[in-house]
Amino acid sequence: MRQIVRVTERVQETPSTVTLRFDHAGAAAPGQFVMLWLPGDDELPMSLSWVGDRKGVTVKAMGDTSRRILDIPVGTRLGVRGPYGTKFDLSRQRVLLVGGGSGTAVLAPAAEAALAQGAHVTAALGATTANELLFEDRLRSAGAKIAVATDDGTVGHHGFVTELADRLLHEATFDVVWTCGPEKMMRKVADSGRSVGAPVVFSVERHMKCALGMCDACSLGPFHVCVDGPVFPAEQIARLDEFGRFKRDPSGRLVAA
Amino acid sequence: MAAVEANLAGIRLRNPFLLASGIWGESGESLRGAYEAGAGGVVTKSIGAVPRDGYPNPTVETFESWGMLNAMGLPNPGIVEYPQEVARARAAGVPVIGSVFAGDADGFADVGRRMESTGVLALELNLSCPHAKGLGSEVGSDPGEVERVVRAVVRAVKIPVLAKLTPNTADVVALGLAAERGGAAGVSAINTLRAMSIDVTLRRPVLANGLGGLSGAAVKPVGLAVVWQLFDALTVPIVGIGGIRTVDDSIAYALAGARAVEVGTAVAFGGVGVFGELSRGLPGRLDELGFRSWEDAVGAAHAGRSRPTSSVPS
Amino acid sequence: MAAVEANLAGIRLRNPFLLASGIWGESGESLRGAYEAGAGGVVTKSIGAVPRDGYPNPTVETFESWGMLNAMGLPNPGIVEYPQEVARARAAGVPVIGSVFAGDADGFADVGRRMESTGVLALELNLSCPHAKGLGSEVGSDPGEVERVVRAVVRAVKIPVLAKLTPNTADVVALGLAAERGGAAGVSAINTLRAMSIDVTLRRPVLANGLGGLSGAAVKPVGLAVVWQLFDALTVPIVGIGGIRTVDDSIAYALAGARAVEVGTAVAFGGVGVFGELSRGLPGRLDELGFRSWEDAVGAAHAGRSRPTSSVPS
Amino acid sequence: MRQIVRVTERVQETPSTVTLRFDHAGAAAPGQFVMLWLPGDDELPMSLSWVGDRKGVTVKAMGDTSRRILDIPVGTRLGVRGPYGTKFDLSRQRVLLVGGGSGTAVLAPAAEAALAQGAHVTAALGATTANELLFEDRLRSAGAKIAVATDDGTVGHHGFVTELADRLLHEATFDVVWTCGPEKMMRKVADSGRSVGAPVVFSVERHMKCALGMCDACSLGPFHVCVDGPVFPAEQIARLDEFGRFKRDPSGRLVAA
């Protein structure tokens, strides 16, 4: 079930973020993820930032392993399991994306697919600073309207992307909001969505081991993010005590998020 | 309709299907989810004295739908934090059996006692886990150690103690008899078979730990042989484990001598709904096969036939 | 193209694929047929001192295409009549390894000596067969017995002696080291896993003998783990066996440490043509994977990585 | 792979021969056999005397197990593996059957199938005595011409069925001869066929264990009867030293046939 692929292209998206492309024939839909194995090192869940036969993942330097993944050259062999998990429902017409940091990785292919089907997509992108904004050009050239926010105000709204999203939701009508980023951020987006009656969909990250709905590493309330998610309707998730407050560490302990 | 209640060492279960240790067992809500899906009860992840992260990924490999290889490395939140998970499951009325592991008899007794105080109905000792320093795989495969560990825990607690045995042995009956001598109220078998996967492209083992444990359909014939041999030799009840996915699989274990069964890998291949299928399907199938009850089927394949030799042919 | 010759304890084979003992091994014409289909050599059925009919049928059960259960019960024509079969195979130029079994060290030495005189290139001692009266499964799973038997045979013959080890043990490395101490020129592993099948409709074991041995794809992960562990501990060459069906399966065994491999159950599932597929497919696949030769791949998964613990997780 | 069936009908064909019918959905063709398991007892290869979904085997009392099979009542559960083995080529127009004893069991469904396709079938049936003749009525009502031989002369030709077959082969032209019976008998039929240029096809019996082409129990020269046979062109088989002279006993020893 594990396929060995070779990295055919490496794109430095931002100072901290790299996209790796590889050939992989498995059927995949926007929202799904793969278990990406750097042989001799760890295996991590990574959303597909490119679906189709020339797939891609977009990795941000977080901890040791992701940092090492950033450094691998074209030609490196990787193990790929999956695609796994739930998908975005692409049938909606007016879509708002709210992406925080590398969270935009999973939203980009969903936006492209929706745009290709004739949807109107607005993307609210947040980052710490201007050059950390991810996939702004990609989304713009696909036909999305773009709004940006940076923590340091180097470009766009000076502040949180959640503020931007709230404004957009009050200015126009959206059939759905897709969001991926830190849980506290997503919870705020859910609140904004509720206040205007727009359904919000989360893409959730949790520590993963099996990705088969077996080992319980990724449990979140009654759900297993690897099979019940990562794409969830916000109302299933946002009300859980744990969400935005706790996550499970590799031992299964609940620790502060 | 045939009755499907199971009585395991005095514990009454609404049906004989238990969630196997290590599957959906880290969080109380998952334990509850398995019960609500139809399980008769649940066995927790194996819990040790302190939190353990387990091995790095890759920790699993699947072989089509017939086998699963894993080397999780016993990740667990530790017995200090785990009681809150048991509490959550118990609050929902779930019959919980607490699985524990440790490096020696005293360690087992200590973790076992603390697990008992969470209100679990029984303990299952994971005697088939071999990476505790200083003892290694001897814990589970040396009858003397098995007896010592079981005795220490039995003395430390009041609830029934089940010894979970390894199939990686020349003589599982000796291990079962040792557990019985130590005072075990029952034995569970099997844990996974020592196994490995190698990727030829990468020229390396797939699992980060190299060696792992095989489970799923592939080990069902091995688990049945173990339960069969144990039933012939022991008087305590046996919990059958290994590759159970269908009602007929579970009945085969009952016929071999299992009084209850645990289901693990099938959850990965078919989702937790497998417990619904099993519990809904069992009564009708027992009827069809002419059994009045699950209990009626226990050991029934041993009746009236000359017992096979315990020799391995070929 | 990568070279595929294998050198097994001094025996040169045109390719590393041997017919496993017990498959197509009773008649000389079958041995020859396997060689002509593409095998590099053949291992005979395990031969004892006197003819044995084996167990009554049913002697086999298949599990889809991933597993085979058998309890043949070591049928064999006996060492008095068997030489004519070896002669027929040798007349056709087939490299033959003679598999023998007996109840004790003297018996092994006696049958081994008589097998040697048929002109076989090496002996393989079936130390994983446990129904010889008085010794039982102890022959194969007690390191002391393994050493004694191997030493007795090594003293009695001049040709290389391979010890075929059982996977039904807690510590296969101890068995391998014992064989090495006894003077074995190599070890073969694995034989089948103790297993069983029960028919729920009939409420009885399927095999006439009750217990049997599991082989086929299901045991490949187990065989790989055994070969891996043996390679880390032994200096003598290892013959890898268990679930080999494809070229990649055989290369995985090479990477784990096997210098040659035996193929058994795949003949039942895919016909003897499997030897043609394997021998034709190997050179190109080795090329693709960057190996100059089969020998180059032997043990290659052990290189340059920290060796995994020999612990079984979960 | 093993199916458990129930005997739905039991027909006493001759004093020593019984047909057992059972429902079994596996695809089967004339010539093939099943491994028939009497639970608690042995498992034996048995040709299908009835193919289709209501299958049947026709068993003659030979040794202990076959004798016990003869006595089982309707309703008994049997294990069935298969069907296994090679088939008769039903495309020939002028067919001669030569059946010795229970050998006729495997020829009857082949004859019926050939007749249904418009072939002309002549059946030469041999038995020790008149009431041991098998499937004479069945073959006649299917449209075959019948000739019989008995060892004791109670009916038909007084002598061997091979003599009868030889005469028929010299009287008329046949596209093929199908024969099943003792090997010495079949060898004689092969000789007759060769003398008139008619191809002869054997259905061969050997001790069987696995029926999977693995255990070597059924080896006959370079062949394994369970997968290469039981239906063989005579020329592949008749010239083998072993044929008609030796067979392998359960231990694999060559013993006199």
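Worth a mention:
Chains here go by letter, A, B, C and D, matching the order in which they are written, and residues are numbered from 1 within each.
The rule is short, and it goes like this: a contact is a pair of C-beta atoms (placed from the backbone, for glycine too) under 8 Å apart; a residue touches a chain by one contact, two chains touch by 3 or more.
Note that this is a predicted model, so its numbers are computed, not measured.
Hopping across touching chains, the smallest step count from chain A to chain C is 2. Of all chain pairs, the one linked by the largest number of contacting C-beta pairs is B-C.
With every chain reduced to the mean of its CA atoms, the largest distance from chain B is reached by D. Per-chain CA centroids place chain A at a distance of 68 Å from chain D.
Averaging C-alpha coordinates per chain places the centre of chain B 51 Å away from that of chain D.
Inter-chain centre distance (chain B to chain C, centres taken as mean C-alpha positions): 32 Å. We define each chain's centre as the mean of its Cα atoms; on that basis chain C and chain D are separated by 37 Å. The multi-chain contact residues of chain A, meaning those touching 2 or more other chains, are 40. Residue positions 22, 54, 70, 72, 201, 204, 305 of chain B are each in touch with at least two other chains.
If touching chains are joined by edges, the resulting network of the protein chains shown is an open path. By the contact rule set out at the top, the touching chain pairs are A-B, B-C, C-D.
In the complex of the two chains, the chain B residues touching chain A come out as 22-27, 29-30, 32-33, 45, 51-54, 56-62, 70, 72, 75-78, 81, 199, 201-202, 204, 206, 208, 264-265, 267-268, 271-272. In the complex of the two chains, the chain D residues touching chain C come out as 1-2, 4, 35, 37, 39-40, 42-44, 77, 79, 209-217, 219, 221-222, 224, 227, 248-254.
Chain C makes touch with chain B in their complex at residues 22, 54-55, 63-64, 66-67, 69-74, 128-131, 136-137, 141, 166, 168-171, 191-198, 200-201, 203-205, 207, 209-215, 217-219, 221-222, 224-225, 228-229, 248, 251-252, 255-256, 289, 300-301, 303, 305, 307-314.
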